[in-house]
Amino acid sequence: MKKFKSKYEILRQEIYIIIYGANTFLGRLFDLSLLGVILLSVFLVMFDSMEGIGKKYHDFVYVCEWIITIFFTIEYILRIISNKKPLKYIFSFYGIIDLIATLPMYLSFFIPSTSFLAAFRALRLLRLFGILNLMPIIGQQSHLKEALIASKNKIIVFIYFIVVVSIVLGTVMFMIEGRHNGFKDIPTSIYWCIVTLTTVGYGDVAPTTPLGQFIASMIMIMGYGIIAVPTGIVTAEYAKATNHNPELEKKRVCKHCTSFIYDEDANYCPNCGTKIENE
Amino acid sequence: MKKFKSKYEILRQEIYIIIYGANTFLGRLFDLSLLGVILLSVFLVMFDSMEGIGKKYHDFVYVCEWIITIFFTIEYILRIISNKKPLKYIFSFYGIIDLIATLPMYLSFFIPSTSFLAAFRALRLLRLFGILNLMPIIGQQSHLKEALIASKNKIIVFIYFIVVVSIVLGTVMFMIEGRHNGFKDIPTSIYWCIVTLTTVGYGDVAPTTPLGQFIASMIMIMGYGIIAVPTGIVTAEYAKATNHNPELEKKRVCKHCTSFIYDEDANYCPNCGTKIENE
Amino acid sequence: MKKFKSKYEILRQEIYIIIYGANTFLGRLFDLSLLGVILLSVFLVMFDSMEGIGKKYHDFVYVCEWIITIFFTIEYILRIISNKKPLKYIFSFYGIIDLIATLPMYLSFFIPSTSFLAAFRALRLLRLFGILNLMPIIGQQSHLKEALIASKNKIIVFIYFIVVVSIVLGTVMFMIEGRHNGFKDIPTSIYWCIVTLTTVGYGDVAPTTPLGQFIASMIMIMGYGIIAVPTGIVTAEYAKATNHNPELEKKRVCKHCTSFIYDEDANYCPNCGTKIENE
Amino acid sequence: MKKFKSKYEILRQEIYIIIYGANTFLGRLFDLSLLGVILLSVFLVMFDSMEGIGKKYHDFVYVCEWIITIFFTIEYILRIISNKKPLKYIFSFYGIIDLIATLPMYLSFFIPSTSFLAAFRALRLLRLFGILNLMPIIGQQSHLKEALIASKNKIIVFIYFIVVVSIVLGTVMFMIEGRHNGFKDIPTSIYWCIVTLTTVGYGDVAPTTPLGQFIASMIMIMGYGIIAVPTGIVTAEYAKATNHNPELEKKRVCKHCTSFIYDEDANYCPNCGTKIENE
């Protein structure tokens, strides 16, 4: 019995190395297969949606989707079994994505109207960040992450401000344009206002009265100034994060009292007064 | 009589604490109710505007709006009565918003065509900045505010410049496109020019003649360069505002050799080794 | 004769002070009248272009335009006569604008088809920068001007680059979309490409083939990255222009050899070796 | 035989100086002719695409295109022959462009359907960067190039992130809008999402259901925040590249007291007064 357990333990470790690792040949192969299956799965969802071709090969696509779903299910189970701390994986970022991406197919089996959840399968594309080793560039020692965290609160307040402004201006525009030209109710007018302030400008809703066009022009010019604010925040925070003076980091240490000496021109240790020998 | 006055004074203080404060249970409850009523009031204005549903429940909405208006009226009166300096509140930012947001309903009672003023009720959403305690993030010790104030004048001149350019180019485009394709008069052409320069681009008015398209392309590329200017101003001002090196501002001077001491924790002058008396 | 000349000289000076100056009551009055007439003149051009109302009051507008033109002509002549260096004014920025803005009306008298030159009358709005005293904000000691001059060359090369890219991509898109959906010839396709790269996006020309939409998506994402470049240039140059370290400007002067001492910690003049007394 | 060889060598050198150089009169003339022929060639491709005029002069354009192609072929051969290291030219940036721009015409002779490759002729416009001497501005000692290289990886990850987000959101929107209003399949929905996130906003595909418009609004506001990121990266990197404080890099050290000497013109050490030997 003990022998079987240790045998199982060895198998568990081997699977763990293949699935979680990327240094062995099999580990790399697994990563690339996963990459392929994810891309195929996303491609199938797209293909299925196309009017003409989609319907023709519907049965073929349906079978493929089930094969892929079973593949992902096996992968999910193996990830849980092979991991010593399965709960850590289950509640990790990738664990949740893997679950959300796999479940919909089973749900659609029981509740047909949930087929739209297939959209979440695309979330698995985020795994590519891990497989292609992209995270180090924006992750760990990243100034970008630092800048985004520093900017977060300000940008949230800013977005809230834009939403309030859009509600007020959207209501005003609805009153002016009066149910014509797409301004059919206040929510649509607010939608128009957001479309305008963000400089997207579809044109599906557009003012036609002179007063409406005048106020729209005001809103656009305002949006022109407003677009500068989030950019300014992110840029300045990013510049600050990357701007840690490297020279300050090369600070010396007093040989007598081991305190840091920040002043490059120091002849004497500012803490204990010992004369410093310049290297 | 005196007793009554002091009793009234106690009541006034209690109301003041509930309405203006947020530290007591009742004060917090009042804030949250206000938040709810404001959101409900904005939702009702939107709901009323919708073609199908709006008409069906019009009477219900109408009654609700009057109840909300009376609630806001009572709140407004209580705010004035409970405040020791009522004029300060009345002419404060929130005081004016509260009035502008409450009046329209009464006006629409006497003058039916002013119902469009209901738009101003959305202004009350700005109160959420106070209730949700968002102001500290962009307010008080905020670099963002500093940057926006520093950028204001330049951006105003910049906007004025854009307006003048739009008038000139709008007139030119009207001459070229000649009343066709939406360029039906000069104000519309100016509106088109602003839509283009701000990169909104609805497409409700768009050039169709080759020359018109050529000039439009020029305007767009120009707008591409122009969009950089307000962003540049805000970013640089924001960076400047956040960049005050705190270490440089706190430097001390050695009383013996008069050299600057950058290290805040220095006990001895790093230049001549004299002991420093800490103030 | 001499007396008359000096009398004329006095009159010339008085006119000069009224027209060019803004410190006397009459000078200020003249500026404000000019402001009014310019605004009226621009308003009239707009008013005249409007389909319905424009035609009705056409005669009235026509008379008004002639009155305004004569006013501007008199102003132009007075500016030349009253100025001691008339050529300097004539070839100055405002002198050229005044001429370009006044001429069209006379030209339209002889050559009817030149009425479109009325657009240039709007150029006079630039005078408002002078009248409203806006120039100091972006002019003289302005970092913005400095930044724009420093960025100019780079932005011109950048714009040239965008034009070349647009020509190449425009031609490619024309080949793909093949005369359909607005891509009717290569110039139109180039126009579409500029509309897309600058994120204006009218939608009057838009790809409909899957391949066309795919390439358009690539172009948009590219444009997304490209829009960052001019903004980056202007911002960095503006930041550099405003970032002259104020401490470096407080440099001391050696009392012996009068050379500047940049090093704040200097005990001896780095030029002549004299000991420095610290103030 | 030897004499002929040296004669050929002289001719080769003369051709080399004319074609590659720009300092001699003939070299400059060649550059300008090349500029003219390139512009003419691009103009012809455009002209040929125009519906009305294009067909009329089709034969004339066809002959012109062959003449230009032969001119470019001769130029290409001369560049190879006159160059001592022909392979270096062939595989250089301009060498590849020259080939890509010349080949299509010959290909279209054998395979008629490849006429769309004429688009690549526009690539030759990039030669203008060399002829007009624009490269030094963005090339060699350029901070811009440095900044773009430093930003490259981050922006690629960022673009990948946008593509993944677009696929997820595009699929969601397809499920919501359900084959109506242009959302005819998932690839089109993804295309819509990219059009929206980049703030281009054609409006050929636009949501009409309230839920679709709500989610679209969310996407736009998100895109508004996202647009700040690449701008922030490029700006900060550019600022860093231009910000190398030249004074800090040139600092010397006093041989006597080992303190740094920031003042480049210093004759005496500002710390101890020792005379400095200028290297």
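Each chain gets a letter, A, B, C and D, in the order it is written, and its residues are counted from 1.
The definition used in the following text is that a contact is a pair of C-beta atoms (placed from the backbone, for glycine too) under 8 Å apart; a residue touches a chain by one contact, two chains touch by 3 or more.
Predicted model only: the values in this text are computed from it and were never measured.
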- Note on the structure: Of A-D and C-D, the pair with more C-beta contacts is C-D
- Taking each chain's centre as the mean of its C-alpha atoms, give the chain farthest from chain A. C
- Same vs different contact residues, chain A with chain B, by half of numbers used: different
- Let me have the rounded angstrom distance from the C-alpha centre of chain C over to the C-alpha centre of chain D, please. 29
- Residue numbers of chain B (touch at least two other chains): 187, 190, 199-203, 227, 231, 233, 235, 237, 239, 259, 271
- Item | chain D to chain A touching residues, read off their complex | 153-154, 157-158, 160, 164, 167-168, 171-172, 174-176, 179, 184-187, 190, 196, 199-203, 206, 208, 210, 213-214, 216-217, 220-221, 223-225, 227-229, 231-233, 235-237, 239-240, 248, 257-260, 271
- Per the touch rule, the chain D residues reaching chain C in their complex are 42, 45-46, 49-51, 54, 116, 118-120, 122-123, 125-126, 128-129, 134, 137-138, 144, 147-148, 155, 159, 162-163, 187-188, 190-191, 194-195, 197-204, 227, 230-231, 233-235, 237-239, 242-243, 259, 261-263, 265-273, 275
- If you look only at chain B, which of its residues touch chain D in the complex? 199-203, 231, 235, 271
